[in-house]
Each structure stands twice: as C-alpha cells, then as structure tokens.
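The block underneath contains the structure these notes are about, expressed in structure tokens.
Chain naming follows the written order as A, B, C and D, and within any one chain the residues start at number 1.
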Amino acid sequence: MTIKVSIIGCTGYVGEELIRLALTHPHIEITHLVSKSFAGQMLSEVYPNFGKAFDKKLEALDTEVIANDSDVVFTALPHGVSAKISAELSERGVKVIDLSGDFRYDDVSVYEAWYKVEHQAKNFNDIAVYGMCELYTEQIAKAELVANPGCYTTGAILPVYPLLKADIINPEGIIIDAKSGVSGAGRKESLALSFSETHESFKAYGLATHRHTSEIEQELSKAAGQDIIVSFTPHLLPIKRGILETIYATLKDGVTREDIITAYACYDEKPFVHVMEKGLPEIKHVAGSNSIKIGFAIDQRLNRLIVVSALDNLVKGAGGQAIQNMNVMFGLKETEGLTPVGLYL
Amino acid sequence: MTIKVSIIGCTGYVGEELIRLALTHPHIEITHLVSKSFAGQMLSEVYPNFGKAFDKKLEALDTEVIANDSDVVFTALPHGVSAKISAELSERGVKVIDLSGDFRYDDVSVYEAWYKVEHQAKNFNDIAVYGMCELYTEQIAKAELVANPGCYTTGAILPVYPLLKADIINPEGIIIDAKSGVSGAGRKESLALSFSETHESFKAYGLATHRHTSEIEQELSKAAGQDIIVSFTPHLLPIKRGILETIYATLKDGVTREDIITAYACYDEKPFVHVMEKGLPEIKHVAGSNSIKIGFAIDQRLNRLIVVSALDNLVKGAGGQAIQNMNVMFGLKETEGLTPVGLYL
Amino acid sequence: MTIKVSIIGCTGYVGEELIRLALTHPHIEITHLVSKSFAGQMLSEVYPNFGKAFDKKLEALDTEVIANDSDVVFTALPHGVSAKISAELSERGVKVIDLSGDFRYDDVSVYEAWYKVEHQAKNFNDIAVYGMCELYTEQIAKAELVANPGCYTTGAILPVYPLLKADIINPEGIIIDAKSGVSGAGRKESLALSFSETHESFKAYGLATHRHTSEIEQELSKAAGQDIIVSFTPHLLPIKRGILETIYATLKDGVTREDIITAYACYDEKPFVHVMEKGLPEIKHVAGSNSIKIGFAIDQRLNRLIVVSALDNLVKGAGGQAIQNMNVMFGLKETEGLTPVGLYL
Amino acid sequence: MTIKVSIIGCTGYVGEELIRLALTHPHIEITHLVSKSFAGQMLSEVYPNFGKAFDKKLEALDTEVIANDSDVVFTALPHGVSAKISAELSERGVKVIDLSGDFRYDDVSVYEAWYKVEHQAKNFNDIAVYGMCELYTEQIAKAELVANPGCYTTGAILPVYPLLKADIINPEGIIIDAKSGVSGAGRKESLALSFSETHESFKAYGLATHRHTSEIEQELSKAAGQDIIVSFTPHLLPIKRGILETIYATLKDGVTREDIITAYACYDEKPFVHVMEKGLPEIKHVAGSNSIKIGFAIDQRLNRLIVVSALDNLVKGAGGQAIQNMNVMFGLKETEGLTPVGLYL
C-alpha cells in the first residue's frame, strides 16, 4: 500500500520533521512539498540534512494539482492562514491533516476569542475531528479533516483526562506548569529566540493568556463533564526539542495510588503512552520518539497529586502525532513508521 | 578596615564562588583556605581560573589556627559535617557564617525529621540567626553565628513573605514550581549530573520530599502567623547557574494589583531585591549577580496570583548572600563587594 | 531473513545506541543483552527511554550460551577487555563485530605502543578486518571478525583517503583539528565530564598523544603508499552527539577544485558519504544519522586545502557503522535499518 | 579621579558589556549612553539585568553634546559607520576608543580590501593607535584615538607574537583554528544565530576569507619582520561567551620547551596574560574575566608546536580590553575595574 502525501508549509520545523518521518514510513510516497518562502529551490538547499539521500523541488501552492496528486495532505501553516487552504483541499476531496490551531475547537467562538482572529472556514469546522489518537481513534478513522493537537496540549490532556474521567481529582484548582524547548516557537528570525538570549537562561511567558489553555480546557471539560478552568504557565527551556509538564491537582478524598493506576489503565494498550509506575519521565527519555511518558507522586501532607509528563514537541506534539493520525485514517497499524523509543542522547 | 576571612570547604562550587567574590571585596583579606580533599595542593591546581591573579596553599582543617587568624569564617560544608565544625569555631570566639542547612531551623527536631540525621551541635542552635538579610538585618548585625539560607528557599521566601504578611493571599494551596541549574547539586563525580545525562534534557526530582520545603515553610509560617504547608517541586535545568521559581497562590477577595505592589514596597530600599512592575524576570537578568528579581501576573479568571522569581543560586543563593551577611555583621554597606547587575550573556 | 544479534557491553552509550538501532532494523532479533554492571536488572531500569516499547533482562556474560544463540555478536567493551571476549566468541564460530580499538591494527606492536597494554588475543588479529565499509566492502563481506573503526578516525580517514590516493595533496603537514561531543567519552561518573565542568566551556585535550592518531595514520599511509604522520588535536564540544573535523593539507602544484571533486567521485555510489560541492557540513546535518558529510574550501593565497567533515560519533562513528558492517557481512543492503538523514533539530 | 565616559552603540552586546564593566570601575562616571535603535527608552527596558541598580535614558547621537561632556568616548558601532563618528568626536578634542575594525590598520588599503568598503575617515587613520595593551603600552598612554583589537585577533596575536619575535617558529605555515561563542556575532535577529539552529551543533564558517585574518597578519608580520600569511578558520561554538584558538606552527631546529617559556617571559609582568607551564586553558577559566590564558604542547614526532589560547570575547576581546586601554590612557593602574579571575561556572 502506498499513500501519496503532500506537505504544505514544509520548511518550518514541523514541516521538516514531517518530511523526515515520512521518509522512513514504509507506506508513504511524498508527491509535493510546498513552501511559500522557498518555492523554486531544492529542499536540500534549505535543509542540508537531507543531503544526497532525498531531494525534491519546493513548489508554490496549487491546491488543484496537489489535491489530484495526493491521498492526504499535511498543512503545517500558521493559524489563520491554514483554515482556508485546508478547507479548499478538503473541498477537493483529499484527506487533510491540519497542524494549526484552526480546526481544534468545537466552538468557533472560543477559537476566535483566544486566537483573536476571525475563523476563515467556519463551515468546515463541523467535519473536523480533534486528532488526539488515544481519545478519538474511531472518529479519526472515519475523518476527512483532522485537527492535529497542539504540543503543550498533548502533554496536558493525555495525563489529566483519565483522572477527571475517573472522578479522582478535584476539577478545580488544576495547575499546569509547562516547559518547552525552543523549536516549539518555530523557525524564524527573532531576537528573543536567538542563542545568546536563550542559552544559559530560562523564563516564563504568556502567563494566564496562552492560547493552548483553551484547547486544554475544552478537552478536560469533556472528561469532567463540567467546565474546567486551568492555570497554564509555559516556560522556555534552553533545549531544542522536548516538553515537560508538571501538573498539580487535589485528590478527591480517599483516593489511593492504586486508583490512579487504575485510571491510567485506559492507556495499557496504547503503544505511545507510557505510564511509569516507578520513577519520573525526563525529556531525554522521549526526545526523537512519538511517546509521551507520564509519572506521578502523591504529596500525602496535602493530598495533592503531582503528575509529570514528557514528550517531544516536534514528534508526539506535532509531526509524529500527525503521522499517527494518518495511520489511523488509512487503516494502518498506529505505530507504522514511528518509533516509541527516545534518543536518550 | 580589613576583615580576615577563612573559608572551609573552599573547593566545592560554593567555596570557589566565595573566594572569587572575596577577591573583589575591598575589605577582605583571605587568611586560610581549607579543603579536605585537596589539602597540600595550590588553589590554582584545582581552579585554574584564579590563574596568576591569586593563589594560595589549601590547608587541612585546624580550627585553633583558623580561629586565631580570622575575623569571620565561612563554612561551605555538607550538612551534618558542618554543625560540629561551625560550633567549634564559634566556641573559639570567631564569627561564623555557615552555608549548610544545619543551623537554619528554629526547631532542631524539624531539621532532624527532614534531613534524617541527628543534629551535631544542638546547644549552638539557639544563638544561630537565619541569614535572610532582607528580613532579619538587625539580628544579623549582632549575630555570632549566621545560618546562610538555601538557594531554593531564598527564591521562594523573599517573594511570598510580604504577600502573607500583608494578608493578601490565601495561606493554603501555595505551590512552588522551582527550576535550578546544575551547579546547585555541587561538585562531584556523578552519572546523573554528567553532561550527557543532563544536556538537552530536563526533569523533576524530589517530589514532595525535598528538604528545602521545610525551610520555606518555617519562614512563611512566621509571615502568616499560622502553619503553612506548601507544595514544592524542584527541577533540574540544563544550565550551569541560576534558579527560577514559578509560584501559584490564590488572592484573597478584592485584592488588586496595587495591593500587591504595596505589599512589595517593603523591598523598596533593599538593593538586591527588584520587584518588576512590568515584565518578568529571566535567569540571564540575575546570573552572576547578588540580585533576586520578582515579577508577577494575575489570572483574573481564577483570581490566582502567579509570581516568578529569579536569582543566581551560587551568589544570592549562597556565596553572595553570605558576603552580604558578613557586610551586615561588620557594619559595612550591605552592597560592598557585590554587584546587583546580572551578566545577561 | 532474521539475524540473531547479541550485544555485550550494552549499557554503555554505544551499546544503548546499538539496541536503539537494532530495534528499527527489519532483520534483527535481539537474543542477548550483556552488561557486567547491571546484570539481572531490566534494560528499562537503566534506560527508561525504551519504556514499554521494548524490554529485556540484562545478563552476565556466558560466551557459550551467546555463541550458540547468535548469528552475530557486537562487543562494545573497553579496549584490552574486548579482545579476549571477541576472540572467544569468534573461536566458537559466531561472527563478531568488535567496537573497541583492539583489532583495528595491522601491526599489533603499533596497537601496544599507543594503547600501552599487551594485546590479549594476538592470534586473532590476522583474521580481523578493518570495518571502514566504504573502503573495504569486499573484505568485510567475507569477514568473521570485524574491527569497527573509531569515531574520530572515521571523520578523518574518509575525507583524506581519496585525496592521498589521487596524489593531489602533500602527504606531509596534514593537520586534523577535531571537535567531539561529550558522549564520545562514554558513560561514567567523572568530574571532568560533569555538566557544570563542560557546559558553556570548551577545551583541547590529548595533544599529540591521542590514540586515534595511530589509527588514522595506518589507513592514510595505505592510501599514500608511504608513511604518514599527522597532527591530531581533539577538543571537547559542549554537545551530546556529533564530531566535526577541520583538516588542513597543502595542495600539490596545479591541483584544481575539479581535481578534488574527481578524487571524491569514489563516494558517488556510497549512500552514507555526502561530499558537498557547495556549503559546509554542520553537526546538525548529520546528528542521529549514519551519514558523514564532507565540504571543503581552497585558500588560494597558500594553496592550502581546508576540508571539513561532520558525523554522529554514536552512529557513523560507532553503532551505525557497526550495523552497516553487519549488513555487508550478511549480504543485506548496506542501508538497511539505517537513516542517512540527520535530525537537524 | 573621575573619568566622564560616554558609550555610543551601547545596546549591542559589546556596548552592554562596557556599561556593566563601567559600573564597577572606581573612576568612571557614565555621562551619555547613545543608541540609535532605542533612543528615548530607558536602558532597563532593553537590558533588565541593570534592574533597579542603574538606569539612564538612551539618547540619539549628538557629538557636540557628548564631546563637551566626556573625557573619553567608547564607540561600539559597526565598521564603516564607526570611523566617521569617531573622527568627528576626536576632532572635537575628546579621547576616543573605537571598538570597530575601522582604525586597526596601518595601511588603509588593506582595510578596504578585506572589509570591502571605502574608509570614511582616512585622515584620522595615522593618529590611531592599535590598542593591544600588552604590545603597545607606551603609544596607547599618549593616544587620542585607540583602535580596540578584534576578539579573534587578540587570541591569535598575543600567543604568536613572542614566538615570532624570538625567532623560534617558522613564519610560514602557521594555522589558526579558532572557535568562538555566539555573542561574538552581535545582537541581531538572525535565523543562523537562533537557538534552534546553533544549539547541539557546531560549524566552521568564513574559510580563507574572514577579515580578522588580515589584522592578525599585520601584527604578526611586525613581530617576524617579514610578511606573514596565516590560515585562519573560525568556528561557531554553542556557548554564549568565550573563544578558544588552537594554533599550529613548526618549531625552528633545536628549539626546546625552555626556549618557548623564555619567549613568553615578556608577559611575566602583564596581569592579564597567563602563560600556563602545565595544563591547557579552557574557556571556563577565563569567561567573565579580562584574562587570556595560553598553554602549549610540542609534538616531538613532527617538531610542531601546538599553542592553545582562551579568552572571553566580550571582555579581553572587546569591552574589557577597551577599559584596559582607557586605564592606560588616563594613567590608571592597568587592572583598575577589571577582574583577571574567570567565572569557572
């Protein structure tokens, strides 16, 4: 089986990661690589890491050509821009996996409030499926348009969802202290992202205003069956790839360590979610892999649960999860072309 | 005025930082450098950064010689070991600044419970003054034995103390998510601290069990006038020096941004505490300096206050604060020999 | 086709990398993992990155059991120790790929002079083939015992060999200024390799005495048809993986840019050697891949050639090259299970 | 004694470092801070590290005001731009220390050939003194206009000058393999200097074409009494501050280790040049200090000398050396306000 894949926005870091992952996928043939900034150049001029192993001319966007020549298209574009292009492709009958925030919201008005733009393809929002594979496998299998989740949100939703579903933590007072590597901010000329400004330093940003807050709240509210408001604080780690999130929640009375493990049993058959019964995850355990690892401890004095999750923002938090969604959409094994083993070094 | 200074445990990272700071202090003469591991060698063999500018033979410990030949002794030793030596020196009539955890507790039994050792000099605990300069200036000025605060604790106590004192945050539910550079773990052969295991990675550790929790609670309880229990989670940042702490607390009803600024006005005349009315502190703002910077934001949806503090664990969190204590003990200007300006690069 | 593989010394960084690579190789089944330090524990206790994807009990060494139950054994052991074990396994009839320096030398006395130990299996030295795949494919295809090349040496031999063979550079005066990431020093408790001692720093070491000098000289002498002595200076880069080498040589009179490209044409069909006609290689282009990239410039004022090579010390410089050797020994495609595409991020 | 100092171009990294150093100098009063990009803003808005300790409004350039109100002006501007402004200030009678490349050349045509611009103040070139303090103390003491040396050039000239002067190395075939931290590239929005593109990577650049080559050659030619051509290859280290250079030269026949030490005795009384008789310099030994450290080894097989130098590009390679020049120009102790002790951490 060969799946013809095109990638739009292929020269951002997520696009590059998608190409890299696609090349080792046994069923993918890359048909078009689209880059607005570098159209006409060869991929290897922008990313010499592909070297002599793989090269292809970067194209300007022509949705007709691409739709005709692809089984699925990944759009790795800025929000706002993405909706229109994904909708146009979807209209032409090709499956689309959109890696922006544009189709992640059940309610377009929540999107518009947090992203502060008007949604560019409202009539397509209803057919979009939220691509958190471990939660929505069946819907994804039938989807024509998948909204790939955000990186921070994956690291928050997967660990907290089962706890709320099992009704073992208090839905109020959840705090998510998140730390991400710099690649999460994308590929751009920026003083704030320069080496000299970020190395040997560390900072918090976007306090109480980061967009991913709303995406996390949407999914956790479903789990809890009530509206959830969380505190979400992102920080910028001086590393290239990886996210670690430290999550604080109050346990309901009488909840034991065993109850937590039971709640997490929902992930037992999920190849990319590893709940550690001993120890805590570190970013090196997941870097370069499509895995998310989850560890936890209970502060007995406060009856507070502390959950730590780690994932690679470019893989499980973006390109890898997109491939995983593709696998599900095309009836392949979920793990095809993806490694669950972190680089460690 | 010349103050004769000896440093015991001078080849750990805190000891080295003390020597470095002492060399640019206008009133310090270093009389003895004691190192158990390197006695007999020259300082420059262990730390070539001192190069041809300064060198001195490292000595084995002889408390009599040192007490006779010093106005003040800094002990930068492991807890447990430190108490006995500091007490012996104090008994010989020399002023002592102890950088271990041994004399930081009002109640020896709290120390013993958290450090899991028996205190080695209980009868000296009462004369020890907790050396948080901004809170206890008068007591420090008269002290013979000062217990220099911990690095994490400085970054938690200074930002939270005034908020509790002003009764504007809820004393329950305080969460301190702390991130420290690797030098905080000291100078040692350790796989977990090796470059290959820590670079491009990040982890939490010591969940719900870190000793500094109890030191933070002691001081915050005094501020609140009631027993405080906090959640404290340390993390290991892939940087050499610096700590950033993100602190979550619930505001009392009706508390405004202005109330917070008013509470922090207690630091207006404190040269090393910088409360930022705009922006947030980053580690590069304080690295290499004796400053702690504090910024904050209010999450209106939750009436939650998020405070961020940053300091250099080796300076304000250890050696610099020790020099600051010495300045106060000897009637010098608090800022003598210390820079409030971070390295940025 | 399934190849039964055992790895001895599997908990060092090279061993870990071998396991990681083996898991995505379509023809490998791992039968035994041997670790002296961790025998009896599970792999995932030492390396949680394998997580729930793969686990296996670590064993003590039993060469009989292993030889009976393996088609090929990788020994990733310290030099000196390795020779004996590899020889014993080879004697039992199993193919061996030895990743130490023990069997890399045509002349045992050169080995003994540079490694300052007595060779422990001299009578096996003659059957060992030097596993630089791009130079010795045919010999490797028939070999029973392969000596996998060193990391620094791969980055020096592959770029310089064709230039000497083509007789376009002066065999005298070759200077190799090499820079390696810290993982090259292996997994160990060591102050010099600790994060605090290596981060934000850089140093040269082993001037004029590093063992890899002799291995480079052996191979370059064959290319030149005369004895070659090189200057080789290793440096320690504050990165986890990757080597970059800057090589200086004087061009013979009249040699042009075209001549250099012609000399390098020997690599045209080699999938893992990428000679760049434009630009220079960077470590991020090859990290995580089995590729070596080679770029160059001519300093016209001096008629001097400057060649820059980059590779991943753990992959092309160790585990990946070992797998490549295995592929050749078993008649598989050279690229099986190995990616030529660097991580970039 | 109070010296009134103005800094033009104060918001680049060198400018910021000059302010930082000026603040701890006992004889400096900062009168004007000029920034084209940030005029009208407060310094602390651009560099919060100055915090509450020091602040000042950033001004647009008015050479008349500045000349009237300064004893010395530091110009930390791009080459090309700098010459005209420095000349104008010099014409108004104020002492100037120019940190650009504009006045470093005896021969304006060499400058124009390597910098590929026309010199903007040729008639001032003759009064400019090359500010390498250890070589030209007397001329600097009398100078009105000092050209502060480049960072790479300081790390090459100081170690090689005495060897050529003493006639113990071959003036041909000198190779300088230099590695610099990212701050050397200045403060700018640049993809190539972004964290994601430089961290965990390493590269060479500017092969055979870097401008500093010509500055090194000018000074070494004076030492040798003949024209010197060197190979100079810069590399980009993933660190913020620091330069290490590895220099290869052939020893003249019969030259011994003692001869080298004798040649370097010229630095015995120089407080910031540390020739190490044992060991090699590392960047952590000099970071944050105004010292340059020099170590060396002899490769007996090749009669080749390998010299390693380390310095902080922002201090001894820029702002610190500028302050040192000021000290000499104003008859102060050369070491005033400068530390020779590296940060280590």
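Going forward, a residue touches a chain if its C-beta (ideal position, glycine included) is under 8 Å from a C-beta of that chain, and two chains touch if they have at least 3 such contacts.
Keep in mind it's a predicted model, so treat the numbers as computed, not measured.
Engineer: Among the chains, which one keeps its Cα centre farthest from the Cα centre of chain C?
Structural biologist: B
Engineer: A-C or A-B: which has the larger count of contacting C-beta pairs?
Structural biologist: Between the chain pairs A-C and A-B, A-B carries more contacts.
Engineer: Roughly how far is chain A from chain D, going centre to centre by Cα mean, in whole Å?
Structural biologist: 46
Engineer: Could you work out how far the Cα centre of chain A sits from that of chain C, in whole Å?
Structural biologist: About 36 Å, centre to centre.
Engineer: Take the average of all CA coordinates in chain A, do the same for chain B, and state the distance between these two points in whole angstrom.
Structural biologist: 39
Engineer: Two or more other chains touching the same residue: where does that happen in chain D?
Structural biologist: Answer for chain D, listing residues that touch two or more other chains: 13, 183, 196, 199-200, 238-241, 281-282, 284, 345.
Engineer: Mind listing the chain C positions that touch chain A in their complex?
Structural biologist: 13, 16-17, 20, 23-24, 47-54, 183, 199-200, 240-241, 271, 274, 276, 279, 281-282, 284-286, 288-289, 291, 293, 314, 339-345
Engineer: Note which residues of chain C are touching chain B in the complex, please.
Structural biologist: Those in contact with chain B are residues 13, 182-183, 187-191, 193-200, 238-240.
Engineer: Under the touch definition given earlier, write down the residues of chain A that touch chain B in their complex.
Structural biologist: 173, 175, 177, 179, 196-197, 199-205, 207-208, 229, 231, 233, 235, 237-242, 244, 246, 248, 280-284, 287, 297-302, 304, 306, 308, 345
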